[in-house]
């Protein structure tokens, strides 16, 4: 049975850091900074685009965005590992909170109260 | 066999948006902004902490950080879905790039050239 | 003669921090985090808006955005002060670089190579 | 009498954009994204540094940080101009709010409730 992607990445990142003696740099504070920096790089790909352009990236741009998205995921997984956070469980918990916060009948087609996913 | 977490979240977010007619708001440009905003909220949890404090979050703080991390993951999964990006494949590709960029013997214990994971 | 705004803010922030014994928290690393967090809060105001909505904020929204913009400026001024950076001089230097990087005749109406201001 | 820096920058940025026909790209939504992206680049300079390293940047690093800080300021000034926000007035208003929110006697040496400047 294949391993879950998040668990697989967590384990590969642990090994990657251990081999390079990088645990000393992977304090959660630093990792939160690196995560935010990568989110900013991803953002920059979209900053001058129209909605139409953003929804139809050319293959080269999509490939660049994919690698930025990967950077965000890798730092996120590593941050959660160093904080003792189960990321998959947290995502499930947040989805449950969102379902309660945004009832279907009140949220349909509204972006006004919609300040979180 | 349980579904992979990233695929599971992608499908749940699709259903969540469809039920609320929110696809109209989920342009990749908007999602990249939401992702960066959530990364900023996560960052704010760590901004005044020492390394020692950041590495030993109290349970309440850890719970808050977990929900911010979940927000980042949910927007990231949704963004990749709307861009036609396979996030798990992108993460594997980026890990391969990083392994080549940071050879073990040259990278050990170095943070000087270390500006990416 | 009134003092320049940036100098005025720098001095008020120095006094503000000194009165509260907050210099101990105002390491440039922490201030860069706080700045990025505030930029993220500013971003969140715009994340679900159309271009038309973003260009015509209602007075209440404009007031909120103004305070977020102020937060960004205050942390930026404080960060530069703690790093020994003359922010006004840096802005002039960057404008000169931009003028050279984006010659009028080649840049007119182009956003393609336009990844910096 | 020299012009105030913020007014001076606002006017130079207006001329810069007008010459290049860039007003079409300078929607507040785009500018908020560019601002956040630049804040992220500034953040990346500090992400692997200790507090000691961050507080004692070498001249070359300080020069790079200065240009990133300039980018943040330029986008911030431009964003406020396009939103009809008086940035200097907003900064004064925010300082007054902060003085009330963080009374000297209660805030001295505390970072616990200290989640804003």
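Letters A, B, C and D mark the chains as written, and numbering starts fresh at 1 in each.
Following the convention adopted for this analysis, a contact is a pair of C-beta atoms (placed from the backbone, for glycine too) under 8 Å apart; a residue touches a chain by one contact, two chains touch by 3 or more.
Every value quoted in this text rests on a predicted model; they were computed, and no experiment measured them.
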>> Counting residue numbers used by both copies over all numbers at the interface, does the chain A-chain D contact come out same (over half shared) or different (under half)?
In response: same
> How far is the middle of chain B from the middle of chain C, if each middle is the mean of its Cα atoms, in Å?
Replying inline: 26
> Where the CA atoms of chain A average out and where those of chain B average out, how many Å apart are those spots?
Replying inline: 1
> Where in chain B do residues touch two or more other chains at once?
Replying inline: 25, 29, 32-34, 36, 39-40, 43-44, 46, 48, 111, 114
> In graph terms, nodes being chains and edges touches, is this line, ring, star, complete or other?
Replying inline: complete
>> Touching residues of chain D toward chain C in the complex: what are they?
In response: 1-2, 4-6, 9, 12-13, 16, 19-22, 24-25, 27-29, 32-36, 39-40, 42-43, 45-46, 49, 51, 54-55, 57, 62, 65-67, 69-76, 78-80, 82-91, 93-95, 97-99, 102, 104, 107-109, 111, 114, 116-117
> In the complex of these two chains, what residues of chain B are touching chain D?
Replying inline: 29, 32-33, 36, 40, 44, 48, 111, 114-115
> How about chain B: which of its residues touch chain C in the complex?
Replying inline: 25, 30, 33-34, 36-41, 43-44, 46-48
